[in-house]
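You will see two complexes here that share subunit A, one where it goes with subunit B and one where it goes with subunit C.
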Partner chain A sequence: MGLILAQLLTGLANAGALFMVASGLSLIFGVTRIVNFAHGSFYMLGAYVGWSAMQVLPGALGFWGAILVAGVIVGLVGAAVEMLILRRVYAAPELFQLVATFGVILVVQDLALMIWGPTDLLGPRAPGLTGVVRVMGEPVPQYDLALIAITPGVALALWYLIAKTRVGILVRAATQDREMVGALGVNQSWLFTGTFFLGCALAGLGGALQLPKGGADLLMDFTILAQVFVVVVIGGMGSLPGALIASVLISVINVFGVAYLPQSTLVLTYVVMVAVLIWWPFGLLGRAEVAGELGQVGAPEEPVRPAGWPVRAGVAAALVLLATLPAWGGGFALVLATDILIFCLFAASLHFLLGQGGLVSFGHAAFYGGGAYVAALLVRHADTPMELALILAPLGAGLGALIVGWVALRASGVYFAMLTLAFAQLLWSLVYQWGDVTGGDDGIVGIWPADWASGGAAFFWLTLVLCVGGILVLRHAAHAPFGYALRASRDAPLRAEATGLDTRRIRLVAFAFAGAMAGLAGGLFTFSKGSVFPNELEIARSFDALIVVFLGGVKTLSGGWVGGGVFKSAEDLLTRFDYWRLALGLLIIAVVIAAPEGIVGTLKRLARRQGGEDR
Partner chain B sequence: MTPVLEARHLTRHFGAIRAVDDVSFALAPGELLALIGPNGAGKSTCFNMAMGQLAPSSGQVLLEGRDITGWPARRIWRAGVGRTFQITATYASMRVIENVQMACLSHHRRTFSLIPRAHRLYRDEAMALLETVGMGAQAERHAAILAYGDLKRLELAMALAHAPRLLLMDEPTAGMAPGERAALMELVAGIVAERGTAVLFTEHDMDVVFGHAQRIMVMNRGQIIADGTPQAIRGDARVREVYLGGGAITAGRGADG
Partner chain C sequence: MPRALFPTLAAAVLASLPAAAQEGEPIKIGEINHFTRMPAFAEPYRRGIEMAVEEINEAGGVLGRPLEFVFRDDQGEPGEAIKIAEELMRREGTVMITGSILSNVGLAISSLAARREFVYLASEPLADALTWGQGNAWTFRLRPSTYMQAAMLAEAAAGTDAVTYATIAPNYAYGKDAVAAFKEVLTELKPDVEFVAEQWPPLFDIDAGAEVQALERAKPDAIYNVTFGTDLAKFVREGETRGLFEDRQVYGLLSGEPEYLEPLGAEAPEGWVVTGYPWYDFEDGAGAEFVSAYEARWDETPKNGSNVGYATALSVAAAIETAGSTESAAIREAFEGLTVAVPAGEITYREIDNQATHGAWVGTTALRDGGGVMVDWTYEDGADCLPSDERVRELRPAD
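This part shows the complex of A and B:
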């Protein structure tokens, strides 16, 4: 009994930081409709800034003062990010916002590395709260009890602010109907900046408050991000009470999971999340959301047309050049080209979903990593030959996509994106924790191609044929009746249904098709590396693909693979330098602001201007 | 003769409001029937129930004697019903002719086909439909840049792609210039005469209604209060009461809104 109570208290203490970050994220989403993926970075920043402030400020007063200072500074940084970057993408579809905030994540990571160095920082203990209290015989840290007392205080203050003050009325009004609030003469810019300040300050507070428990390190941004998304999605995007309930729920589940089901804590969390979303697609206390425009800003999308002969000739020449690479390129060039080709197919498969179907999936890595693991598991546990594994990998991934899509396609817009993310995380946690079968964190190693394909050149050619073939199949599908039906379902779903199209089934087939293609890329990846690790299923992998599609250009047919090629090459180039994340992050932010049509879109526009009256 | 469309005691509640209250009517093949009434009378609700976009609280919808109540919109379309929307819905990322080709592809059940190139399929069929509505010259234009009146005509061509026996048009001329309205309704009347397609349409423009409908039903507060020829409706005291508080309905003056 005492043990259970002590565990419950630990869970409640952990819920504190989680709630502060989640409520900030929820607040920002509610008012600005921006899903701030950089929120974990503000949390991390809070921890680092708090740590530095604690070095300077003395004593108990200094400790608590440093936490407040961290909140204010991080809030100001958040406001600056809002004014400099996000203000330009409010009107844009969610993909833009994801990409912009992802750029911020990269920048913050490297800035933190620059300022505080790569070593994990140990948090100072709270003066006067270093001991433990016995609760029914079980030790409970005093600081945990302090956190349990502070969290409701913060929640209460937040409630007072939202429910009782003029600012709160404006925030609530904006959450309900932004346009109306603007029409009534409220200065939206300042309201949005203020919301960002508050939301980021909360994240910063959360980060600083957990210093005595967890310290500060450079991985905490993604760690908390994954948890916070679970919380926000379960609680309902934009709902503060929802965030509170879900923070407590998840923290308590985690604590008890660690104690009683240590092998499946993560899985448990994501199972709860998926279960909630199946019954309440908008979260426990969230409101049904009308999906915004998907795709990309700018001029309406051009009708698709087959490529002209100059483009075809150019691509054919490039392919011939590529096919002869083993003759003139070195071993490293072959490895790099193989990597790029695989990534291009992965990106092209997501681009098909996004560009043709308007389906923004935040969890496409589930099918890429899924295909990689299908191949690896078949070889490891069933001695499957490579050829068969490369057939079964896309089939397995496609089947998985069929199941995920069946659930996720009940929602649309941000909620569809969140559901796909939830499933990807569920799969990742399964692979990560089911060590007996998947090898867990150690991955599966020693998965090499068949003898005939084991030379560098042979495997490169195999990859070339399969990836280019896959990309061409995806491209052809866009020109085929199915691609037209998919675009029709996206452009005008009511019209599509009223002319006999089963839009849900069309989307589901497209989802499975794209999943299968990602699975093929994943299978090839496994054999090219000879191994696979859980990070092929991570959020970061899904985001890579999204950013690539965005960089290439959503409203074009070639955006996927062009973006993939450019991104992988640039990454290879940049990662040779220190602080490459900073450079990449700034580059991404610059593209969001300066060239929102992406590489292919911008090239097309320039070519058209050059052609003059040709159009 | 079996009516093309028959509504039997259709009722739909929204909370405590009876948007449509025990409505029954029948539509003969080749008939051009207008459904009119003030805002909030229940016209669109009636319409959406006939097309499967809204489930009735009670009552039945019969298509050529077959009970289609509760069918999804796409199945009703397959059964031979085309429709246009109050706010036009076309595929903005496609060309004009591709919009119609898409409807043809669906009619010929080629939606899931992955082999041929779609823009080569059913071109002649689609072109003929575009000619029917006078859009042949604009076939290769991008649908996103069409004028509103042209979008309405494109929608009509799409709705005709499977040679429907019944056409449902929700405010077909809303947002069009007066000259365009007459032209569009003449087009529809011509199709009715030539193909024998029955048409049910809602409309606010009294010129359009009295100039083209063969029969008019008037709804008010969820119920049909009058049903007859334009002459009969014009002389109906209850209709005057609803519309003009007792004044006369005259062709030549629109009663928009």
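This part shows the complex of A and C:
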């Protein structure tokens, strides 16, 4: 009995920092509709700033003062990010802002490394709270009890702010209908900046508060991000009470998981998440999205047109040039080109989903990595020849996408995105922990192409044919009746239904189709590298594709592969330098600000301006 | 403290031309590591290499030519590492590859090395699979493997009267290997031991309070710890706070390495039996010379990675000198059975499994001047911690 109570208290203490970070993310999303990928970075900053402040400020007062200082400083940084970067891209397509926040992640990583150095910093203990209290004979750290006391305090303060003050009224109004709030004369800019300040300050507080239980290190941004997404999604995006309930739920389940299912703690969290979302697609306390609420910000999309002959001729010439690469490029040029082509197909498949279907997936790596693993597992366990594995990889990934899509498509918008993320994480944790079959993080190695394709040039040509073919098939699908039906379900689902289109089935087919194409890219990846590891299923891989699609331009037909090519090449060039993450992050932010329509979109606009109205 | 750009950029521009070996042109070695993902480990390692290279070149280089390492960052991604390895081999004209800390990256490069027939010296990754299960003729490993270090601790544990053990290890391949090896060797030496709890926190995401409660619940005589980095810091703090370590013997794999012990500062655990690198108490011999030279060169104390990096560059130089050529096949043959004098002593790259006999230091942790150190340590030669040759042949199917 005493032990169970003690475990419960541990869970409640863990919930503290998690709640603060999650409530900040939820608040920011609720008001600004920005999914702040950089929220983990603000948490990390909070830990580092708090640590530095604790070195300077003495005693118990200094300790708690340092935590507040960390919150304020991180809040100010957040407000600066909002004013300098995000404010310039509110008019961009939905969710485009997350690309900018991804740039912020990269910048913060390198800045933290420059300022605080590579060594992990151990957090100081809280003065006066270093001992334990015996609760029914079980030791409970005093600081845990302090956290259990502080969390409801913060939650109450937030509740008071939101429920009882004018600012809170405005925040709630903006959460429900931000355009109306603007129309009523409220200065939205300051409301958004203020929300960012508050949300980021909460993340900073969370980071500083956990210092006595750990410390500050350079990997904590992504570690917390996955957990926080889980909490926010289970609680319901934008709901503060939901965030509180979900952080307690997840923390307590985790504590008991550690005690009774120590092998499967990772899987457990995501199983809970998927289960909750199947019953409540909008989270425990989330609100169903009103159709069209998010709307298509900005100019309406142009109809899709086949490329004109100059573009076709140009692409054909480029392809011929590329096909002769083995004749004029070096051995490494082939390797690099193979990498880029595979990534282009992966990006193009996500782009099809996003651009044509309006379906934003945060977990597309599930199908890319899934295809890669299908191929590798077939070769490893069934001695499948490469040719067959490359056919079965897209089929397997497509089948997986059909199953995931069947569940995830019950939700829409950001909830759909979060569900795909949940499934991707579930798959990742399964692959990671089911070592007997998948090799765990030691992966599956020694999966090389068949003899005829093993030369650099032969495999390059194979990749070229499959990837360019795949991209053309995706493009063709956009021009086919299926593409029109898909765009109809995207832009006007009710009207589409009324004309007899089964929008749910169309979306499901599109999802499976995009999944299969990603799976093909994954299968090729496995053979090009000779091995596959769980990294290919990570959140970071999904984000890579997402960033690239937005950078390329969602509302264009070529955005996916163009973005993929540019991003991969820039990365290959930049990673040769120290502090390349800073450079890449700044580059991404610059593109976001300068070209909110993406690279292709902006090029098109420039070309149109050049050519006058002559189309 | 911004450093100069990697010297590779200029080389990358020029390297599209086929590199014809000329007299006096440097012999290039490709070094792939996680410089952005794990800078705390990769940077001391890089400094160890750079210092060795400076010394080697001052002494006339290798085969009369200067030695040069090309450092590249793989972000800790196996896929990136493969791409970089291809670039280093095909465009940079490097004669062999070294590097990696993470086992999965090491395994990926090793598989490519066998395929493309170039030599890969896996300096730091610990996975047993690198030299056994997935071992191949082209991959060599410098550092003592997971099995070897776990066996050292198991031998120390067998000498005590603890009977019930609990283990805590990160839930991934390295953690699992480390627990399996410890169990295997300890059970062999002392058949009546019993393992009463196994905890598997996710890597770098430990819920330390809950783990400590779960371990306490099992009431073991002794605890075997494999967690490291931030997980270790959190585990130690919660364990100390909740009294988990009172009257219990704790064995910590790698916990004595400065990389892990130094960040703990005055909260480093006392009385743990650990493997590590007690550079502060080296009194004479090559080990002490290396430490003072390193401190003079970099104005900082060495880490275990510094020692490994230094030994890596020495091994590479020795292999190429022995081979008398920069051809892959010749270097590979030279590595088989190669004996090199490194700061830890003489090590041999075993012909049977390409594992070097570099050992590790086993000792007890204590506090000194507000920081954790190892005391009463001994150097365990790697050659004494490996299974019998027959067993190795079973474990290594490739040859």
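Basically, the second predicted complex is superposed on the first by the 594 of 615 C-alpha atoms of A that agree within 3 Å, B and C clash if a C-alpha of one lies under 4 Å from a C-alpha of the other, contacts with A are read in each partner's own complex, and residues count from 1 in each chain.
We take it that contacts are C-beta pairs under 8 Å (C-beta built on N, C-alpha and C of every residue); 3 or more make two chains touch, one makes a residue touch a chain.
Predicted model, so just to flag it, every value in this text is computed and none were measured.
Looking at the superposed arrangement, the partner reaching more residues of subunit A, out of subunit B and subunit C, is C.
In the superposition on chain A, contact is made by A:Ala477 with subunit B only, not with subunit C. Of the two partner chains, subunit B is the only one touched by A:Val509; subunit C is not.
Using the contact criterion defined above for the overlaid structures, shared-chain residue A:Ala492 touches subunit B, although it does not reach subunit C.
When the two complexes are overlaid on their common chain A, residue A:Gly530 makes contact with subunit C while staying clear of subunit B.
Comparing which residues of subunit A touch subunit B with which touch subunit C, the overlap is empty.
Residue ranges on subunit A touching subunit C, taken from their complex, read 3, 6-7, 10-11, 13-14, 109-110, 113-114, 118-122, 125, 130-132, 138-139, 141, 144, 212-215, 217-220, 223, 227, 254-255, 258-259, 262-263, 265-266, 330-332, 335-336, 339, 432-433, 435, 439-443, 445-446, 448, 525, 529-531, 533, 535-536, 572, 575-581.
Of all residues in subunit B, only 51, 53, 72-74, 77-78, 82-83, 85, 89-95, 98, 101-103, 105-107, 110-119, 121, 142, 144-145, 155, 158-159, 161-162 touch subunit A in the complex they form.
For subunit A in complex with subunit B, the touching residues are 300-306, 476-477, 479-485, 487-488, 490-492, 494-495, 497-502, 506, 509.
Of all residues in subunit C, only 1-3, 5-6, 8-9, 12, 16, 35-37, 39-40, 43, 72-73, 75, 77-80, 82-83, 86-87, 90-91, 103-104, 107-108, 110-112, 114-115, 127, 129, 134, 171-173, 176, 198-202, 204-205, 207-211, 213-214, 217, 229-230, 233-234, 237-238, 241-243, 262-265, 267 touch subunit A in the complex they form.
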